[in-house]
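Next, two complexes with chain A in common: one pairs it with chain B, the other with chain C.
Here is the complex of A and B:
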């Protein structure tokens, strides 16, 4: 028997209305935030003349795959893409290895001045990367690292490294020592406890640092601009500016390239999100 | 005494029971060697890619060096005084303050807001979070170019939409006017950089147990009280850390400004990094550019030390 109590609605109905309106707010906000991405996709499949005409109906009438085809088959696109992936992979390996080891050492070994050591790492961020690239250019020339992927990987590692060390240091503090101690009690060595106990538990932190390293390399513009002069070694970020030829920008081709840069980024945040959020929970 | 240790042995896999005599095992056994081994790769990298170029640049700032010739001519620390007293540096420093602190304030508000918005569980929350985090993985160069494209006065979609809706009467060249260029670059940059704040805040929010809120609701707390007493104390430190890192990064930001405005129109978006670029690569004066960077370092270092003193962002971290 249902009882109508004045004009009130039931608790369940109220909760449902609240939840639906909340979701509408979320998706509406995201729609506004994603507008640039939507416009990139529209641009990537439009004719250049229509894009520059300033008329919306002309833009939507000019749907074409020509810009994507142009970019794929008539430019160095795949070379840039491969270079970006190679360099990003290198930066991820360097950063994750160095910061995981450093994080473990900083957490498990006691020494004086640890707090200051951790703070000093951040001093790596106080010099403009652009101005670090000039000395790097001169040093790399001496070492024969100019115009090489190894040189670029080393240079780009300077961006994620301090934050990576910081993150792993904080993350290892949430990995309890007890499990490692029980391995030692059982006669296992410290190397074993590190490799088989501490490391797997630190995996979310390592993935979070890895993604941070990936994005900072994938995004880096300054270092490849200064350190890589050869076109066949350029990553996407400096390669993309090639589509702007002498004040004339092929906007639809640029948007096609941008579209292909965004896809792997989206896949990363969609599928590795769980680890990413788990990995940064210890920060601060 | 053997009973306890035998009991432990029984539940531990046999491969851990072996007393390893390998080199790695013995190295890891002693604290000092462990520390050395763990810190060496990070320290070696840090020295090569951060410390060495920094010391090099500091040294460079004391010489008169042209980008075009290899001769270094000693000028001494007086050069730094000359830079500080020059009006070009002072004006650019003022713009850096506006750009740096303005961007960070904007990013903190937008970033924390976005994190709170997508924190709740609902159907499609994973997709919503992925979309919210996406801008952080889009390169700044790309964002700069897309921003230029969308904000163009003749064919940019922002102008087209604002004209159609009636907010604007005439198209505005957002990046071409000295009054709007700085704010525009700050907002476009924040589209990406606010997400760093979102990421750290969201990670922290996700680790707050749901029953804290349930308990508060049962006690009759309203939404604001729950936010103030449960959420805020737990995200305070992460916001302080994010604010520090973002300030350091925004003050040294070069790419997004360079791509969008080249420091213009006029010099209205020429912050310190762009001034240093201009002097190094257009006026070929490497020494002075390094001097500007060195002064920026001193400012950021002083600000960070002060920040650590006042805000103590890692006070909750177990340091011992």
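Here is the complex of A and C:
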């Protein structure tokens, strides 16, 4: 028999230790990340006084659906929700269309100053929305786009668009040119090669850009705050401030609204996460 | 089907380093129904030339004619040529039948008719049972067949193939070669096939066009190119193992005997040329030799450094005073092993002008009884 030298742990033990410590780290991280969301859910179903007292026993004793009921039936909630969906859909459609066309153009069409154009796009990414919103307000006023969903869609698209163009640019670069050339040889036009070949292969990128555009619009506070004054046109992000009256905030109602805001974003990301990852892989 | 006429075709690319001439005033004609391979080392302009014929590159100057129609400025969509690309270019999101019949879809033909036509084509290329699979589920050879299927479905005027087999393994390559020739006979098309593999070119083509540095070095049948190379480049590029080249000077005016430089060796070439320059290169193919074992070689010869066995034959790498000489011999007729001293007899040879690289003359066969096969 050969002698085993020194202290050692077997492969099996090492694997078990690895797996257990990995699980501890994952669950700890998840708990920290999820805590605010858990608190939102708890808050959405508790009485206001109990919630403000901060005592857990009082909170659990006061469980009620009253805040949710109040929000749903005694406020503009559904109007805000509809506005948010309309604007987010508009931003997604506009951003995906524009960045797909721009990305394809940057990849396939040779034109002067192309490099500069590509750099300039990323440059646009560096301005904070607050800085852009002031000139935007003035321009939108001239164009009569204040207090309109169209104006808000255009403004909010400025946030995900640079990232979108960049992503689609990189995605189309992964479609080899000879795939499109083979379409041309078969008698198809550039439109055919774009539509039949390049687009389907870049679909994961489009979905990633779409999700990014959605969450960007869904969470945008600055632009609706600056550009929308009319209460019936407000999306959820600015509408939610209506649950604070002079010097007093109905925290449990705010929590109820926040809870409903989270759901669509969560569902979207949950079902399309595969594509989201692919999108980030392409840009990495 | 049609012939292809290329007349003083020139293609320049501009780069940071200046102007690059990829194709340098090239003229040739591919006859109707002919299989022509364009062969040359990478960067010689062969793919650019093919892409010009296809219409995917715009030539800087010159003319391309398909039959009687001039197509130099016609976009690729309107040339009705088929092109098979190096990386096969099957559309991953379409099933095999959709891939094959995609050209018909562009013509606005409905899915039922397309499926039927795809079935027909798939049967001729023996992939009839794969129609409902995706390209990702196929092997390399099957993908290759699908790509060929897509190119024949529309009965194009000619087929252009750009190194379509460079990604296949050696065995599959041989199979596909036979297959491609069968398909060509069946559809009877004019084919222009680009490859860097001289073996592929030798076995496939009716005529081969050897290119280097944007110029045609030789255009002729494989036999002609192998046995009567125009110049040093063609002699070196075609044939494997590579031809032996030794610096030499003529002893007689006709070049019948030459002496190998830096040695006292002379070689009988049997060449009767009208005039031979003072600086020549003696060339002889490894297959056109004999070897004899000797203890003390006083002629062309040396020590066998390496023996490579390829079936019935041995390739001997002989270390001589003037460098390595490659010799192919029958394994039974000449049992030689590493470390032996051998003397090499030259049966057939060429003389090249060392300054211009042009062929001056080739020897007539010394031993007509030895069958000369174009082995590669």
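One rule holds in what follows: the second predicted complex is superposed on the first by the 256 of 284 C-alpha atoms of A that agree within 3 Å, B and C clash if a C-alpha of one lies under 4 Å from a C-alpha of the other, contacts with A are read in each partner's own complex, and residues count from 1 in each chain.
Going forward, a residue touches a chain if its C-beta (ideal position, glycine included) is under 8 Å from a C-beta of that chain, and two chains touch if they have at least 3 such contacts.
Model, not experiment: these values are computed from the prediction.
In the superposed pair of complexes, A:114 makes contact with chain B only, with no contact to chain C. Of the two partner chains placed around the shared chain by superposition, chain C is the only one that A:200 touches, whereas chain B remains out of contact.
When the two complexes are overlaid on their common chain A, residue A:268 makes contact with chain B while staying clear of chain C.
In the superposition on chain A, A:189 contacts both chain B and chain C. In the superposition on chain A, contact of A:40 is made with chain B only, not with chain C.
When the two structures are aligned on the shared chain, A:96 is found in touch with neither chain B nor chain C.
Of the two partner chains, chain C is the only one touched by A:179; chain B is not. Put simply, more of the residues of chain A are touched by B, taking chain B and chain C as the two choices.
On chain A, the surface patch touched by chain B in one complex and by chain C in the other comprises residues 182-183, 185-189, 192, 196.
The touching residues of chain A, counted against chain B in their complex, run 19, 22-23, 25-27, 29-30, 33-34, 36-37, 39-40, 43, 51-54, 56, 94, 97-99, 101-102, 104-106, 108-111, 114-115, 118-119, 121-136, 138-139, 154-155, 157-158, 161-163, 165, 170, 173, 182-183, 185-194, 196, 208, 214-215, 218-222, 236-238, 240-241, 244, 249, 251, 254-255, 258, 261-262, 265-266, 268-270, 273, 276-281, 283-284. Per the touch definition, chain C reaches chain A in the complex via residues 54, 56, 75-78, 80-83, 85-87, 89, 91-93, 102-103, 106-107, 150, 154. Contact residues of chain A toward chain C in the complex are 176, 178-179, 181-189, 192, 196-197, 200-201.
Of all residues in chain B, those touching chain A in their complex are 5, 8-9, 12, 15-20, 22, 24-25, 27-29, 31-32, 34-35, 37-39, 41-43, 45-46, 48-54, 56-57, 60, 114, 117-118, 120, 122-124, 126-143, 145-147, 149-150, 154-155, 157, 160, 164, 191, 199-200, 202-204, 206-207, 237-242, 244-245, 248-249, 252, 254-255, 259, 272-273, 276-277, 280, 286, 289-290, 292-293, 296-297, 300-301, 304, 308, 313-314, 316-320.
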